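In what follows, chain A forms one complex with chain B and a second complex with chain C.
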Partner chain A sequence: MHYHPFIIPFTAGAIILFAIIIFKFIAWYRKLDKKQRFYLRKNILTVKSIEAIKETFQEALIHRNIYKTNPLLGYMHMSLAFGWFLLIVFGKIEASLHAQTLFEEPWLAIFFRFFVRDEHKFFMSEIFPPLMDFLLLVILSGVFLAWIKRFKSSLLGMKKTTKHSKFDKIALASLWWIFPLRLLAESSTAALTGNGSFLTGTVGNLMAVLNLQNFEIYFWWAYSICLFAFFVSLPFSRYMHIPTEVVLIFLRKWGATAGEEYSGYTDFQLNACSRCGICIDVCQLNFTANIQNVQSVYFIRDTRYKHLKDEIANNCLMCGRCVEACPVGLELTVIRQQLRNKKEIAGKHYYDYAQPEQAEKKYDVVYFAGCMTHLTPSIIISMKKIFEEAGINYWFMDENKGACCGRPMRQQGFIQQSKDLISINQKLINSSGAKTLVTSCPICYKSFKEEYVLDIEIKHHSEFINELIENNKINIHNSQKSIVYHDPCELGRGCGIYEEPRNILSKVGNLKSSGFEKQNSLCCGGSLSNAIIELEDQIKIRNHALENLTTCNPDVLATACPLCKKTFVHGNKAKVMDIAEIVAENISLHNHSSKQKENNRIKTKIKL
Partner chain B sequence: MENKKSVLIIGAGPAGISAAKSLADDNVNVTVLEKEHSFGGNINNWAKLFPNFKDAAEVKSQLVQNFENNKNIKILYNKKVTELKKHNQKWIANTSDGEVFESNATILSTGFKVFDAKYKEELGYGIYPNVITSVEFERMYKDGKIHTQQGSVPKRIAFLNCVGSRDEKVGNHYCSRICCIAAVKQAIEFKELYPESEAFIFYMDIRMAGQFYEELYRKSQEKHGVVYIRGRISETSSTIDKKVQIKAEDTLAAMPLRMTVDMLVLMVGVEASETTTILSKQNNIDGPYGFAKSIDIHTADNYSNENGLFLAGSCKRPLTLTESIADGKSAAFSVIDYLKQTK
Partner chain C sequence: MKNWGFKIAEPRTLDLDKADLKLYSKIVEKVPSARRCLMCGMCSATCSAANHTNFNFRLVHHKLRMGMFESLNSELDKCMLCGKCRMLCPRGVNTRAVIYNMRIVLDNMYYKNI
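And now, the complex of A and B:
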């Protein structure tokens, strides 16, 4: 048997590590909600599991997503993760081949060069020393970059890097030293026995010159102790993301999503965060308002260690820029939403006085302007004009009174109250018999799509108007004005509506690019999701966004959200218009005898 | 004559004009630059003044009494100052038409502008024809008739206070101080013209802190039957016959409220004028909300942090006409003091 006391720290560490990880995974698995377990059972034996293996390879080992955002950072992660992975795999093969069994001592692979000192001959034995040296070199280059990142993050293209917790520091320090120590240990053995290859052999010769080879045993001890420290601190540090991300990829592939409530799946997501800090750089609260303790990485960390303050959970625009940037693909805004839920008022009903009503007659289209649109009446006037012009039998559901769509309440954690509002609207919408529900507000739009149970097609007005134009229901002319389009968070990142607004605008004007397009769009700062941000910080975000959106001096800054419009108008930087207003302004009335139609309409209304 | 000190006053509103008069009476050479083609500033927006319904035009003419005989005063019109800076103990002002004025001391009396009600789109100003501002109401009253766009006398009129004041959403936390009493005044004027019509005032708090204000407020209710509703208007829309539909909350009754009026008057708040903001920023004496900042509100309210640059009137904060006139005179004394010390 290959044995030396220095294997004890490593072996003990590995046992502790596996025990804790398995314990945690079981605990989280038991907390999964019904839906998540259902998907897991349904898809575990399907091709989705194979896809998950592929994704694990791409993300957990190669780190493709980080590589895409930042190649140097991607290389750093890849060299450490993939390099180490291969080192383990080939180490195991080498040890197994040498021992001629698959069940050799589990530490043999780790300390192979110490135990197998003489020139050994087995199948393909000559390829292993250079291969293992090469992998070690790759890993060491990653460690070197990690050092640089810690001391000067800007060199790796990062403006801010994450601040660390205690366990993180222990794990990080041991991780930094594991591979340099392995190099020293293997090299010193190589100096004594000559079993090294191009790297360990060379370093070994150098060590022989300095007479360091006699410290061989201490290097091996240090290497083993470092592994112990890393293994034991791992489950409590950011490095828990290494095992958790793999499980998360499988769960996600099987169809799990974060629900309304905190569940075991939330725990998997919290622990899959590697705290890389990419979300800090894209956060507008950070780079315009200098608020630096609320970003997703800190929010996730505080939630995981159970010291999350409401202030951190609530100080977020929920714009979703970090969700787009997150290399692990965490549902950051959904998780934040879960942590905002107010437990103390769950089940209380605020709106008992609001009685559900019925539509008076049947319509083809229901128009729900939404509270924010009622604060921007020019959008309503424009929508009315467009409906009339297209000759649509529509019902303006919340013209005189109406309940809120429920989303702002939900975002502030009033779940029951939000559901009460939803049920009022739901009944009213279903009673109309309409096939299409049109809304002018992306906040309502997202709410209708995600929270409502409706047997009706839901469209934001940009989608609806786009169809009217495509189907020649309305005719528009090109004003030749230069237009920059601002993607509202809830419509763009929130619901993936990017093309329809652009298609409309390119027909009514000369659409220009701002450089902050689509997924990379900026938040206007007026978000309803952040009820605690200071006005002056909100103004900083607004002004910065306006500045960047209007660099090409457009005639019109177009948006498709009443809230963005209201926010930007106060910035006094450009003429701000909603897409509906621009279309209504450029509608060609000559095809229909619209004037006549207008008159008829007034007459009928007077008769009533 | 050569050694005579010269003072430049930017803005010929009530504060600037009264400062000019006091300085000239003390034999100081004064040049007043006014961006408009006439003096008086915001007085020109008023028909009658609170609290005593005195004719605004009369006050305007009293401000410049005996000016034509006073060789020390020169008022230049259509001179918009775009740049003001200190150079070798002199103040240099550049105007938009390229002229340069040099002085030993300068008084900033660049006043205020009213809040642009279009920013509160939900109130419908600029969208619905019968939503007007308090300034437009004064103009109509001056012409002798309050009328809707269709030309008829409003049977119901509503005044909304705090439009652009005490409103975090537009970024103005402060109270503009003059709108509450102006609404009371305008409601009385309206009821005197049309006793049969109804008048409503929507408010958050009624602030009647001046002499005779409270009495006027009381009179408006007891004698004229003006109805006060505590609550802000949240939304407006237009009916088919161009009336204005209001959604508000009656916070005393704790009830939402919907009503239709023939005309809605927005009591627009006070904001720093553009020139106030620009010139204050240039000289690093800008305070909150773009107003100019004095050294000490109690003891050195006409002094700015810049030696030789003085402040008068509502370029510092919302002030009534009464206060602006007094503040102009006070600024003149501070300037005279300064000129004596600098020789």
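And now, the complex of A and C:
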């Protein structure tokens, strides 16, 4: 039997680690809701599990997503994760081959060089020392990069890194020292016995010169204690993401989704956050308004350790830039929403005053402008013009007395009020018998898509106009103006509508790129989700976004959201227009009645 | 004495020394811009809820400042938090946050976070 007292810290640490992890996983599993468990049972024995293994390999070991942020940063994570993984796997194979059983002492693989001091004499034994040395070298290069990152993170492509808590620092320090100590321990043994290879052998010779090889046993002790410290601090530190991320990938593949309420799945997501801090650099509150404590990484940390403050949960634009950047793929905005939700009050009803009326007759299309669109009447006028030109039998649902779609309420966590508003609007929409619902506001659009139960097609006006143009219902001419398109958060990242607006704009003008396109688009700062920041900060965000969007001096800054338009207009930097306005401006009138109306409009304008 | 059909009204002075301004100071602490309000009424003019009912944010804010918040709770329930008022405020008051925080403070029993 291979035994020495220095294996005790390692073994004890490993036992504690596995006990805590299993305990935590069971506790979270029990908190999963029925739907999530149903999917889990349904898909566990399907091809989805194999896909999950593939993704685990790509994300948890290779860290493909971090390579997209910065190659060097990706290499750092890969060398540590994949390198260590291979070191464990090959260590285990080596130990098993040596012991000629699969069930040798579990610590033999870790301290192999100490226990097996002679020349290796077993099957393929000459391969392992150089292989293990190579892996150790790869890991050490990763550790070296990690040290550099601590002192100057910009070299690895990160402007700001996470400010860590005490526990994280302990875990981090022990992780940093595990591999240098392993190198020292193996090298000192190599100096005494000559069982090292190109790395440990060379370092061993160096140590022999300095007469350090006699400290061999202390190095092994230090190595073991470092492992103990890391194992014990792992479940309570950010390194809990190592086991949790794997489970999360499997749960996600099996079809679990984050619901409206905090559940066990949220716990898995919270713990899968590695606090890498990639979300800090993309957060507009950070780099424009200099707000440093609300980013997703801190929000997730505070939630996980249960000291989340209202100010932090609410201070977020919910623009979704961090969701796109997150290498683990956490649904950060959904989690934040879950934490914002307030309790419902049984039996209480709101908005009795807004009783749903009936639509007067049947229509083909319902147009819901949305509250914000009423602040930008030019969009409404343009939409009316487009509807009339296309000859559509439409109903302007909230022309006089509209109720809000309910999403602003929901974003502040007032679920019950939101549901009441939804039921009012739902009854109204259903009474019209229409097949299509068109809305001008991306906030309403997302709400209709996600929270309403409607049996009709829901379209944002950019989708709708695009279809009209494709089907030749309206004709437009190219104005040759240069246009930059700003993706509204809720429409782009929120609903994935990127192509339709661009398609329209490339037909009416000269579409230019701003450098902040699609998933990387900026928030205008007017977001309704943030009830904390004041006007001063909003202006900073807006000005920064405007500056970046108008670098190529476009004639028109186009957007598809009344809120973005209203916010940008105040910036006085460029002519801001909604897509509907641009189309209405460049429409070639054919329809007789709309022609007449347009003439009348011009006449009254001249009279005024 | 001849009846003229009207009489001299009682004075309606509010004694601000006696008014309960605890709530107002709490709100101002959370939304400092509330101090800037000059009661122009732009918020009430654009209000979505005011299309349906007599909800009036200016009045609500005024009552809050005077410490008269007995009836505010049911009044605030009419707001839909759509945020139009905030976009129009010429003084840059975060009106929406004022309502949000008033709700939380007045109805703390229900709206405490998890």
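We adopt the following convention: the second predicted complex is superposed on the first by the 585 of 608 C-alpha atoms of A that agree within 3 Å, B and C clash if a C-alpha of one lies under 4 Å from a C-alpha of the other, contacts with A are read in each partner's own complex, and residues count from 1 in each chain.
Keep this in mind: contacts are C-beta pairs under 8 Å (C-beta built on N, C-alpha and C of every residue); 3 or more make two chains touch, one makes a residue touch a chain.
Quick caveat, the model's predicted, so the values are computed rather than measured.
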**OP:** Using the overlay on chain A, decide if chain B and chain C clash or can fit next to each other.
**Re:** clash
**OP:** Classify the contacts of A:400 with the two partner chains as first (chain B alone), second (chain C alone), both, or neither.
**Re:** both
**OP:** Report the partner of chain A that touches more of its residues: chain B or chain C.
**Re:** C
**OP:** Examine A:408 and indicate which partner it touches, taking first as chain B and second as chain C; both and neither are also allowed.
**Re:** second
**OP:** Tell me which partner A:74 touches in the superposition: chain B (first), chain C (second), both or neither.
**Re:** neither
Original post:
First (chain B), second (chain C), both or neither: which does A:566 touch?
Top reply: both
**OP:** Examine A:377 and indicate which partner it touches, taking first as chain B and second as chain C; both and neither are also allowed.
**Re:** first
**OP:** Kindly classify A:277 by the partners it touches after superposition: chain B alone (first), chain C alone (second), both, or neither?
**Re:** neither
Original post:
In the superposed arrangement, does A:554 touch chain B (first), chain C (second), both or neither?
Top reply: neither
Original post:
Looking at chain A, which of its residues have contacts with both chain B and chain C?
Top reply: 374-375, 400-401, 535, 566
**OP:** Flag every residue of chain B that touches chain A in the complex, lowest number first.
**Re:** 119, 121-122, 124, 127-128, 168, 170-171, 234-237, 240, 258
**OP:** Please give the residue numbers of chain A that touch chain C in the complex, ascending.
**Re:** 262, 308, 310, 313, 339-343, 345, 350-351, 353-354, 371-372, 374-375, 400-404, 406, 408-409, 412-414, 417, 421, 526, 528, 531-532, 534-536, 563, 566-567
Subject >> Residues on chain A engaged by chain B in the complex (per definition of touch) >> reply: 374-378, 380-381, 399-401, 535, 539, 566, 569-570, 602, 605-606
**OP:** Mind listing the chain C positions that touch chain A in their complex?
**Re:** 31-33, 46, 48, 51-53, 77-78, 80-84, 87-88, 92-94, 96-97, 100-101, 103-104, 110-114
